[in-house]
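Both complexes shown next keep chain A, but they swap its partner, so chain B is in the first and chain C is in the second.
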Partner chain A sequence: MKVVTGVVGNDIHVVANRLIDLSLRARGFEVFNLGVNTYLEEFFDAVVETGAEILLISSLNGEAEGWGREVKALKAQYKNLDDLIMMIGGNLVVGSGKAEDIVPRYKKYGFDLVCHQVDLNTGLDTLEAFIQERNTP
Partner chain B sequence: MSQTSNQLLIDVGSTYFKVSTNDSIEQHFRDFNKDILDDLLHHCGATINSFAKEDVYICSSANGGLNTLIIGVSNSFSLKYATNIAFNSGINIIDTILYQNIEGYSVPSDLIDVVIIVGTIDSCAGMFGEDLYQYLGKLEYSNIVFVGSEQDAATIEQNIAKVVVLPNIIDNKLHIVEEHLKQYLTNLYQQDIEGKEDIKHLYDITSNQIYPTPYIVNRALPQIDARYSVVNPFILLDIGGATTDIHYSKDLVDDNLVTTNEFDRLVFKKLGVYKSKQSLIFTAKNNEFVYELLMHLKVTENIFDEQSKKATKILMQLAIFLVLCKISHYRKAYINLKFLTINSFVLTGGITKVLSVAEIEDIVGFFYKKILTSEHRPVVVLDSNYDIWTLGVQGDQSCQ
Partner chain C sequence: MSLLQEERKIILNNEFVDTFDFAEVKEFVTNASKDLFISHHFKQKAKDKMLVQPRGGFPTYKKQFALYEFFVEANVDVLPLTIDSNTRLNDYATASKMLRLSEANDVDMLNGYPLVNHGYRTTRKMITHFNKPVSLRHGTPDARLLIETAIASGIFEIEGGPITYLLPYSKNFPLDKAFLYWKYVERVCANYSTLNEPINRESFGPLTATLVPPAITIVIQLLEMLLSLEEGVKSFSVSFAQNGSMTQDIVTGAVLKKLAKYYAEQIDCADAAIHLVYHQWMGAFPTNRDYAEQLINISTVIASMVGADKIITKTREEAVGIPTKEANAKTVANTQYTLRILNGLPNVVDEEEEEILTLEVQAIMQAVFNDAADTLWRKVFNSIKNGIIDVPFSPHIINHNEMITVRDAKKNIRIIKRGNVPIPDRCYAYEKAQCDLTKDTTSIVNDIIHDIGIMQ
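And then the complex of A and B:
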């Protein structure tokens, strides 16, 4: 399956981004890594250009909070993205916060899977389980 | 600047033409009632006739360039990449259509010189459908080229007559691949020049290929910082009679365009001080800072109605300010330059004959203070002897 990934907003955490890229490839995904400092529109545009089934956005400095609010409205401008699996992970707030508050908030923003301060492999296990569930008739 | 041997270099612009020999450079306002060749011979017949055809090198931006329509599937990749390649091929007039909304776009009534269809990487298929063919059926165009997914090429060829299929301009890493489309567009531009009656006659005085002027300027840029008091990164503004060209170092944009070019080009097609004067004034009146700028220059908006040297100076100063606004965060354009890292502003074209360094620095300072609230002041360098153009033409000869 094709995955578009990258770090959202003005965030240069390139090591985490590279680890996500490598881990996805190790699990057999075809990865289109947009790197750090990526704007929301570029993520969706890359999905259109590559035909990706999954969009995995990461954020380390909490910038996702601001960008996340725009996701639903922006996605609505694109036709044919209804089946896109939307995942976000990393440190999703500035300062500290509880996962039980943060996860529902991001789901409201339009993400199917939200991993706040969850380790990478656990997050990707969740993604694979979600795909399997979706593909089960 | 010395030319390598005895050669005559001619640049035919929309408003002026420039003629450069080893010893002198002259500039003449064009007489639009005359054929370009007649006009040239009228002003510098003796000079031109003293050179053999093989020693005469001509470039021109006077034919207005190709009218181009790009249909792509996303703003950040297919449309952006194709626009970048088109600008760097010397094309001035570019309209874009986002394919998913194609039904909402009106059909241009003018003849389009070239339509470019682009979208998706090679591992995707089936992006384009009936709505594209219906739109194209209503459109009048001379050339059409497909530079999208190779898997879609066969279907496109079946449905669009006379379509030229070239390799995808987006590779499988979502990077830009320029060379094939760039070569195609440069050749089309060439054929267009050769087909224009006015320009065609110029081959009576040269046996060398006539190139688009922006193409010549662009190829001189990598050598500029070594030859002039210009420090990288820099931008080059060529404010002419009909259009304003901006050539800028790649270091000035945070961009997903990864190419081997060190410099890119952007054109504002209706920002010039002669042919596009009314459009320039209209743009100025819609800019909230312009009245403050006019006050700063100690004139009123009545200057727009004047026909004087002073009015031309003010218009040129306005053109600089408006162009800088258009490529800054203040007006989101196709690109936003990182103005605070620019070290030099290089200005070429007719503007160098009208404005002094101090007058340009004044405008640049006003822009940085008002729009960017910064005290940063890049160095202004005037290419008042058309050395950049000369360098470009010579570079071209050395490649032949």
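And then the complex of A and C:
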């Protein structure tokens, strides 16, 4: 399956981005990594261009919250993205917050899977489980 | 008018800049106190004492002055001037606004000193008052105006370079432009170097400070040195950061010193003075302040084993945020103390590791020189573009990211996937033989996460 991934906004934290790339490939995904410092439009453009089925956005500095609010409105401007699996992970707030508050908020923004301070492999296990469940008739 | 003068006119055409009086600047540099030149201190102290330099920059003149007072009290050898992030991106309008806010409210709105906005006439008063060498720390791809202002202020050491200030910091600033902007910087430094003691240029060896193998660090140090020397710079510092293995640091220092001398001779620049700078641990720091001090102390010991000419310090508050002037000065005093009591160090040599590393560096350098381009900067540009040089964890789009490194059982950084980097087969086999390669990628990723956070 094809995945578009990258770090959203003015966030230059590259280490996790590389490790996500590496781990996804090891699990057999075809990865299109846009790297750090990526804007929402660029993510959706890349999904359209590559025909990806999954969009995995990550954030470390917490500014995803600011961008998250715009996801639905922006996604609505693109055609045929209804089946796109939307996932976000990393450190999703500035300062500290509880996962039970943060996860529902991001689901409302339009994400199917939300991983706040979850370790990488657990997060990717969740993704694979979600795909399997969806593909089971 | 020469091309350099024309370019000068273009960069000075900017509403935030002092009116430059180049005749006056020339006279100032010609008659400046020798104490302001780190190249002079290297000559004096080369044999006996490592120079100690902290990091630090505050927005206002007043706070920067106060920081320097603390440093001098702590017996500092070299003062730092760290530049704010807006100036690094040539956004002088924002820097100016944030400087005014910092002055009005006594709250720091910038993470460094906005040198261009303060101007050289003001800054020179501070630099000449303390009469210590000052090192310019920035991270600017287009540093032309900044460097003109710095030298006019009496700052005679300039850190950075087209590769080391771009690949770790930027996603898409064009690398070819960076090479040309830095060519200007080298020429300006070379021109001023003929007037008094030489201006010292220093490369930024730590790069991403994340599992960068010594071969890549050394190659980039050597190439930035050559790019600088070929423009006429006469004093240059190569550098690297503590890597997590004492053996590997000592081997890196030995090979870097040996090959810097060799390649400088190859381009008939044997008359240039080459120095070695060591950065205390640049990766993630422990949040426990006492542990941070232990780490800093170990760094100082290794710098002595390596035989560095200068050490650049961290503080016990590294994991927490921008350090206070008190914490910063404390590190300087502690480091000076450690250096004073470190006597009778043994001479450690690991011949096998030195041989492997030397072969790797020579193979990569040869591949760069073999590129068909007509000038060195184009050869280097092409080599980065086609992955002959590959920096682990660089965010820049031009970087290949094909090389994978991990730590072996002794915590040495090893290349387990070379990508397009021409690591000779024998060396590659040696590197891989030190690691457990039977693991699956998931375990390797977990190891990498652990290896990055090794000091926490």
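Here is the rule we go by: the second predicted complex is superposed on the first by the 137 of 137 C-alpha atoms of A that agree within 3 Å, B and C clash if a C-alpha of one lies under 4 Å from a C-alpha of the other, contacts with A are read in each partner's own complex, and residues count from 1 in each chain.
Rule of thumb we're sticking to: a residue touches a chain if its C-beta (ideal position, glycine included) is under 8 Å from a C-beta of that chain, and two chains touch if they have at least 3 such contacts.
If you're wondering where the values come from, they're calculated on a predicted model, not measured in any experiment.
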item	value
First, second, both or neither for A:E70, with chain B first and chain C second	neither
Which of chain B and chain C A:A26 touches, first, second, both or neither	second
First, second, both or neither for A:V48, with chain B first and chain C second	first
First, second, both or neither for A:N37, with chain B first and chain C second	both
Which of chain B and chain C A:D112 touches, first, second, both or neither	neither
Partner chain in contact with A:K79 - chain B first, chain C second, else both or neither	first
Contacts on chain A seen with chain B and repeated with chain C across the two complexes	37
In the complex with chain C, residue positions of chain A that touch it	12, 14-15, 17-19, 21-23, 25-26, 35-37, 120-121
Chain A-touching residues of chain B, taken from the complex the two chains share	73-78, 100, 119-121, 123-124, 170, 173-174, 254, 256
Residues on chain A engaged by chain B in the complex (per definition of touch)	32, 34, 37, 39, 41-42, 44-46, 48-51, 78-80
Residue ranges of chain C in contact with chain A within the complex	169, 171-172, 208, 210, 392-395, 397, 401, 404, 440-442, 445-446, 448-449, 452
